[in-house]
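Listed below are the structures to be examined.
Both complexes below contain chain A, partnered by chain B and then by chain C.
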Partner chain A sequence: MVRFKHRYVLAELVFGNDLLVYNVTQRVVYAAVRDIIEQLHGGYGIGLFTPGMSVKYINEYTRMVMVRCRRENLKILASAIPFIKHLPDGKGGQFPCFLRTLHVGGSIKACQKWLVQHNRQVLPTLLLRCTSEEEKSRMRKSIFDSTIVKEEPWTEGKNDT
Partner chain B sequence: MRNSEKNKMARFCDFNVPYSENTENLRQIVEMAIKLGYESVALNCTVTPGTTKGQAVVPPPPKPVELSEATLAPFMVQGKAFQQLTRLTAIIETHEQKYKVNPNNSTITAYDILAVQPLNLKMFEAACKELEVDIISLDMTQKLPFFLRLTPIKRAIARGVHFEIVYAPAIRDSTLRRYVISNATDLMTFCKGKNIVLSSQAEKAIELRGPHDVANLGVLFGMNQAQAKDAVSINCRSALLHAETRGSAVGVISIERIMKQTPGVISVERIPSASTDKRALEKDSGEGQDREDPPGKKPKLVAKKKIK
Partner chain C sequence: MKRIVSKGDAPYYYLKVLLEFEDKTMTVDVLTFRTVIMKAMMSMYGEIGAAVPIDILKYDVETMSAILRVAGSNMVKLWGALTMLSYYDEKPCAFRVEQVSPFLMALAASSRQLLLHTKE
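Take a look at the complex of A and B:
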């Protein structure tokens, strides 16, 4: 089967303040990337870019973005991403923000796998941010619950094959 | 990039965080650098050496920024340490200023890295050929006041001196971006991607970029992928090693003794001359295996020094 080869750039949105949640949509990120490519590579860049490019995934809470492009044009996208310095907030203003490239993958699935592993590594650092002991224990419990796979209790008849 | 590869790779460095009295801002920048995955930063003091006698030439090196445990958490999880260095950048224009940048001066040796920023062709050639410095920095935000030439640059590369490209102005403004890109590609035609250090000179935390993004910027400046990645990791490290060999008396052997290791902080005592204390040597060779130097990098530099 012949298919178009794509590259997926997984990036993290980094804001000035860590603790706020910003309202960022796929359209906003798409427009920002497009603007920068136009500034940096001109009409040629935009022309190459428009066919394959889209923002495939965005998560406001973990601040992850996945941008897709054709494999041949990865260099154009990768060189443009560092120049993003703010995103519009939808009310006419803009807030400072930049993208930090984490991973470049060949498929969405590969990126998701990487992301799960990455998040698992980041989890323990959240523990140090907690201020009170109660908060800490709750955090520890939720990390424990999310990372440990529980086995099904053995019942007669169910596990027989 | 897979996680296993990530651990093998050399540590990322940013050798130009401008030092200012505004400690809050400085702390924010350093914290952002930690968050982005840099493992060492250098606080940079820029000075113009005075020409009159008796004038204080160089301020004492800045103290490292105090960091909380929570910010150092990403390193503690991986079992690594964060390193804060000091760097002096001297802007030189005349011969008198050139002689002030003398590595025998005790205030200058107190800094970890020594850099110069020549303002004219004579000083540029002097910096490339004879000055005992580690990094040559050029102001790329305007048209260079002189034409770069191949011979001095070749000589600088042979001596192990590195050239610096600063990227934060390119992010700040679109006209500055043009100058930076044109000057950087110009420099790249002469040194062909070798001995380049990419660093930030960020005035705000938001102007920093992650190491992989900086490597992508290097691709924009005309390097290939591998060279661009080296420019944020291995080249920085070899510039630092160059500084260390300069600090030793003969320039042949430099010995580090790791005194104590508390989480997040390594304090290193430098022995200034080629010590003959056998016990110290044995102890260090034992510890040296644990350090993650790029293989073959240090002996190569030492060899160069010997030839000279």
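Take a look at the complex of A and C:
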């Protein structure tokens, strides 16, 4: 049996302003990656990536995208992704944005595992960005909730809510 | 699926090419000739293909033929792009690749272009 092997590139969308959430869809990211490959590698690049490339996952809030490609073409994809400078905003305009590649995995599951780990590490940095005390306490609580494995019902948390 | 690309062991390849327009009266100068090659590479291999170093060692305006020098690893790309070219500036044209060799000396003579003196 022959199997088509894929690679999944997990990238972070970096906007000018971290706090803005743009309405980015899978289709928009797919078109942007495709366009940049056509610009850099021409019709040959499009031919390489039309079978196999797709955007498998996107999260607007954590600003993560996962792009799938054939394993043979990973190098081309990974070298083309940093050239993306803008994404269309759906209203005919563009907003500045680039993709920072964080991880390359061989399966969606491996990428998800890595992503969970990564999000845990990133949470404390969000705490530093809080401005008010209330935000801080809410952030501490959510970090606590996501990092501590609860073995028995946590009464204190229940009393709070 | 393993892709094997033979990069060849020659550092350079030399191609003797000939540009042919549908309009036979048309001629282009060496800079336009280089642009045609670059456009061909650009449309097929994008900006990265267009950045491949290609040298024109010799160009003859009359016949629009040239000797190109290209790195061995890019020879297939160049040859492919030249073959696929069909238009320049909305004028139908084609490249004829007459001779390809890793040695420039091999292009000095071609048995195909020999003029045999036959008795009339």
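By definition in this document, the second predicted complex is superposed on the first by the 149 of 161 C-alpha atoms of A that agree within 3 Å, B and C clash if a C-alpha of one lies under 4 Å from a C-alpha of the other, contacts with A are read in each partner's own complex, and residues count from 1 in each chain.
The rule we apply is simple: contacts are C-beta pairs under 8 Å (C-beta built on N, C-alpha and C of every residue); 3 or more make two chains touch, one makes a residue touch a chain.
None of the values given here were measured: they were computed from a predicted structure.
Visitor: One more residue to check, A:146. First (chain B), second (chain C), both or neither?
Guide: neither
Visitor: Of the partners chain B and chain C, which touch A:119 in the superposed model: first, second, both, neither?
Guide: neither
Visitor: Tell me which touches more residues of chain A here: chain C or chain B.
Guide: When the residues of chain A touched by each partner are counted, B comes out ahead.
Visitor: Looking at A:39, would you say it contacts chain B, chain C, both, or neither? Reply first, second, both or neither.
Guide: both
Visitor: Quick check for you: in the superposed arrangement, does A:62 touch first (chain B), second (chain C), both or neither?
Guide: Neither chain B nor chain C is touched by A:62.
Visitor: After lining up the shared chain so the two structures overlap, which partner does A:72 touch, if you call chain B first and chain C second: first, second, both or neither?
Guide: Only chain C; A:72 stays clear of chain B.
Visitor: Touching A:25 in the superposition: chain B (first), chain C (second), both, neither?
Guide: Neither partner.
Visitor: Find the residues of chain A that appear in the contact set with chain B and again in the contact set with chain C.
Guide: Residues 39 of chain A touch both chain B and chain C.
Visitor: Any idea which chain C residues touch chain A in the complex?
Guide: Within the complex, chain C touches chain A at residues 1, 3, 42-49.
Visitor: Which residues of chain A touch chain C in the complex?
Guide: 2, 37-45, 72
Visitor: Which residues of chain B touch chain A in the complex?
Guide: So the residues of chain B in touch with chain A come to 1-3, 32, 35-36, 69-70, 73-74, 77, 167, 170-171, 174, 177, 205-207, 209-210, 212-214, 216-217, 219-220.
Visitor: Which residues of chain A touch chain B in the complex?
Guide: 14, 16, 39, 75, 78-79, 81-83, 85, 96-104, 114, 117-118, 121, 124-125, 128-129
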